[in-house]
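Got a structure here, written out as structure tokens. Questions coming.
Just so it is clear, A, B, C and D label the chains in written order, and each chain counts residues from 1 on its own.
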Amino acid sequence: MQHFDSDYMEGMHPAILEALVRTNMQKTTGYGLDEYCVAAREAIRKACAAPDAEVHFLVGGTQTNSTVIRALLRPHEGVVAAATGHIAVHESGAIEAGGHKVLTLPHKEGKISAAQVDEYLKWFYADESFEHMVFPAMVYLSLPTEYGTLYSLAELEAMAEVCRMWKLKLFVDGARLGYGLAAAECDVTLADLARLCDVFYIGGTKCGAMFGEAVVMRKGLVPHFFTIVKQQGALLAKGRMLGIQFLTLFTDNLYLDIARHAVEQAARLKRAFIERGYELYFDSPTNQVFVTLNAEQEKRLRAATTFTEWERLADDRLVVRLATSWATKPENVDKLIAEL
Amino acid sequence: MQHFDSDYMEGMHPAILEALVRTNMQKTTGYGLDEYCVAAREAIRKACAAPDAEVHFLVGGTQTNSTVIRALLRPHEGVVAAATGHIAVHESGAIEAGGHKVLTLPHKEGKISAAQVDEYLKWFYADESFEHMVFPAMVYLSLPTEYGTLYSLAELEAMAEVCRMWKLKLFVDGARLGYGLAAAECDVTLADLARLCDVFYIGGTKCGAMFGEAVVMRKGLVPHFFTIVKQQGALLAKGRMLGIQFLTLFTDNLYLDIARHAVEQAARLKRAFIERGYELYFDSPTNQVFVTLNAEQEKRLRAATTFTEWERLADDRLVVRLATSWATKPENVDKLIAEL
Amino acid sequence: MQHFDSDYMEGMHPAILEALVRTNMQKTTGYGLDEYCVAAREAIRKACAAPDAEVHFLVGGTQTNSTVIRALLRPHEGVVAAATGHIAVHESGAIEAGGHKVLTLPHKEGKISAAQVDEYLKWFYADESFEHMVFPAMVYLSLPTEYGTLYSLAELEAMAEVCRMWKLKLFVDGARLGYGLAAAECDVTLADLARLCDVFYIGGTKCGAMFGEAVVMRKGLVPHFFTIVKQQGALLAKGRMLGIQFLTLFTDNLYLDIARHAVEQAARLKRAFIERGYELYFDSPTNQVFVTLNAEQEKRLRAATTFTEWERLADDRLVVRLATSWATKPENVDKLIAEL
Amino acid sequence: MQHFDSDYMEGMHPAILEALVRTNMQKTTGYGLDEYCVAAREAIRKACAAPDAEVHFLVGGTQTNSTVIRALLRPHEGVVAAATGHIAVHESGAIEAGGHKVLTLPHKEGKISAAQVDEYLKWFYADESFEHMVFPAMVYLSLPTEYGTLYSLAELEAMAEVCRMWKLKLFVDGARLGYGLAAAECDVTLADLARLCDVFYIGGTKCGAMFGEAVVMRKGLVPHFFTIVKQQGALLAKGRMLGIQFLTLFTDNLYLDIARHAVEQAARLKRAFIERGYELYFDSPTNQVFVTLNAEQEKRLRAATTFTEWERLADDRLVVRLATSWATKPENVDKLIAEL
């Protein structure tokens, strides 16, 4: 039996574990003020070609989304997102618990377009009673999306332009960012994100770390973000654990190298599914594979591996998701392919 | 030029004004503990055939929705509503500001059905990751809806049954309740609402009062609701103003009588529109009339009256809403009809 | 039996009632966009010698405090207030419900001083861990205070200066402002408040109106305050009711004239208490009288009038508060004095 | 130069690190549903002699306090705490951000008494206007307190009894619980806490773990606490990291053994301070040592070690705190003693 349920089933990349072992009994100050965090911030600024950016380390994705959004929005403002966006569906109402509405737009393979946002803003300000409604003030994108799809550089630039025009903040959730950047068809870089977004984050939890997300924001965007992080219960006392992890990931290109491995294993899986006559729900270029199963295929796959159930279609076929990660062993992919 | 923009353009029914004049220099205790509030509560309980119900007086509709919902829901819970529901669209995010997500369902002429709610709940609990989502815990209906349409008694009973099954609270926003109850085709009574809902409110602001909404709730539903009302800034210091208004409205059947007048004037308008070849956007049986205007009709109507723009259709026709009220004079309806 | 419980026992000043009667059946637009609100705003700006100030009308005091504070503060910020401040004690946690801590300082007869605030800020920023604490970002004063006492112009100017130095907003709660401005010893004017405060409000509910508070704020202080007011459930649909009331109060000096009457009646009461050998808890120059009663005096006063119990002292004497208002009749004061 | 700033300067106990190394590449399900979490919960229930208790793992202390309190309180309710309580001072307003007031009582060496709480509740319900105030609904204690002091079993039982009488929840913050339980003079056990509290937590971050707090609550106390944890951004994706840590700490008595070591080193320090003529600020029986330094002592101590500045007294002497931990080496204590 194989396991392709998700990309956070193992612990951490061995290089990180090794760094934790090496540094364990050192004494440092807490709350991210230690030398490892300082060095990790510097490494990330360098990787982003953003020498002035602020870098903050938080523990998890929902926490990061929630903290960033409530730090940035004023009370009457909401955040525009795809109806499938993580903040719209799978965060137990964390954004609303912070007082803000998620304003959803229809998605296409998990994505929304600059044109949609532009149209929405036009509609909003044309409405006689817009002052009785929630003001759209931020655009939230996931890169890759919850469907493993990507925004091209041209799409991101168009979105950033629409945001500038309408004075919206642009926020990119990069929980799986590594797997996006490492995809063959991706033409977006960390430097592009730092240049185009007001704030984005580099996911650690799903991309090699034990936990941790690195928020990169325009300098001065949120005064006293540190205190807001603390208020949200998102400030790790032994903050160096985050610094050590991200410093390791951003040394010798580790973050992208291990992500590329995951994407390659997903590509092998995809090809095998197609060759065996399975139907892809749609083509995802990153580390997630979406397959539509008929009854017989479902039975066969259940016998071979664990996975995530995505959606039961009206014709009773089941859409499932398989995810690879930095930790996926090629031989496990081989074994699964053998049983398809 | 006539004015059919909304049902809250005038002050208050003359009988209420007279009562305010008569009682103005009396001294009473504050916060709704005075004798007028006591009598008004009793009159409402009687009208609802609900001798044990709690009655609370608040000032406005958004305030009432927001206070009731945050008083009833726990942190992880949300409220199911039509996508066109007032709380979903026109309350500037008041529900989210209280920490709760509005879970919207597609509407049909402003309504949602028991079957839709049942299906939504089935889908919710069937999802592998429902514990990462917002729990549906309440159904919010408007009666009449924002489109002036009505739920039948059978529809309400079916909804109440689905709510019982899934342990959802049922909350009816009655901002325009009078205009619903007074409609010819309405088979729902106040007693039905008191029997079927956990909580509902009887709108004053739009139905004869200067301001005020009377919340009717199952006894013991929300311990210390008084203090939550105070916390929400919704407790009127000179609370007797609410008592006097509702006592007047619930004496000698005034509330329904003046609502019936509004519905009759709206019916006259509707018939006139149809006779002159206008197209109704849909047929609303209460005090709101929705008309789809072509360019020539739009021009003619703009010259004759003010109204609310509802929606510009893709074919460039304009949907508008005209509202009558307790204060609408038949001669103003005559004048408008003459210019259609 | 007389009634000196509070200053909000009667309805509204007859001139306001007359204006309501006169305008009742007029049709106006809602939400404070009508001509009465426009004129009332202009009258208030003139009275404040503040031609650029923004004026917003809300319904009640707790609502106003809560809305202003959450509109102005960022998530990590709190508001400094006297331990006896209304927001600290008697608003059912409305400020905290909006996410903000009330940072209390010890009071002296209901007041805090510029020196106290300065010292608090010095202490705050000197603390190694201030970034783990709530940032003081606003000073809240009541004028008059909950004890009926006043800040002098020199005290207010000193407070404004400290606020400027430490970048705190200055907010004055004027729920009883009229009774302060009308006091003989008051050297503060509306123009001083408009000049020194970022935001303050002119209380209507306790000073002649049926309800209503007029917020005066520095232009541009809170973008989209209208929408935040709506979100808080604090936007009155028939907004003209607020405009008509404040326009009446700010025509021909009515606001101050009727407040002066209340202060004079309170002064008569105070003198009578002293002459009859009662002990004042402390000397309040406005419309509230605080008296410390021994057992025999308590018995006598209970037979003569209703009042508010303030505090039972350790020696079992009872501190009570009597309040006069614009509506207090001299003959009722006479009757009470006769029974002291 | 030695370092006695805090008890969270090192990584994690070697046994935990070893367990992480051993299990790193295993695949498990996320969110705390894995076998390590299951086993750790069972071990904790056993240590608490509470077979029915619910055990939830969160990441940090502020997060745990904030999540537990907002999960348990209704909107109008607040939490009673010592004025020095962590939630009252050093959590950046996390409790207020969740909508709830912290109702502070004067402390004695960091503690409050059952008698104080009883008196507070009596005062509250005796106040005429208690319905306009925040309802005390929970008592928050820290064990040990922020001053390193302890509640005796008799004190805890008295507090639990007062809570039962007034229907308050009892919540104990055990961020440093190990160092309390391991103190010679402590007569409270985990079983006592499980019996007397509605909810408490066993601190990991400061007591041997890299991070993590184990919440122990009465069964059924908070339906859907899992979802509330998720909403608060407090649900660790790779939840097994918490299970592995707590399973290690609760195997072979490790948690208490390593805490005892810390307390012994603190006792050595305390004795040395006294012998060298230093003055203790007060006597703390756990792992924190509070010393009042004159100018000369301050100079000497600054040369010898880092520490936390606690408070500058009016006479200019400085109160400092030194903390030992599971990781404190006796030779470092020796070195510091040599330089006192």
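Here is the rule we go by: a residue touches a chain if its C-beta (ideal position, glycine included) is under 8 Å from a C-beta of that chain, and two chains touch if they have at least 3 such contacts.
As the structure is a prediction and not an experimental result, all values here were calculated from the model.
With steps allowed only between chains in touch, the distance from chain B over to chain D comes to 1. Set side by side, A-C and C-D show the greater C-beta contact count at C-D.
Averaging Cα coordinates per chain places chain C and chain D 42 Å apart.
Taking the mean of the C-alpha atoms as each chain's centre, chain A and chain D sit 34 Å apart.
A straight line joining the Cα centres of chain A and chain C is 50 Å long. Counting partner chains per residue, chain C has residues 75-76, 91-93, 97, 99, 131-133, 227-228, 230-231 touching two or more of them. On the chain C side of its complex with chain A, the touching residues are 70-71, 74-76, 99, 131-133, 135, 223-224, 226-228, 230-231.
Taken in their complex, chain D has these residues touching chain A: 3, 5-6, 8-12, 14, 17, 20-21, 23-30, 59-67, 91-94, 97, 205-206, 210-211, 227-228, 230-238, 241, 327. Taken together, the chain C residues at the contact with chain D in this complex read 75-76, 78, 89-93, 95-97, 99-102, 128-129, 131-134, 308-309.
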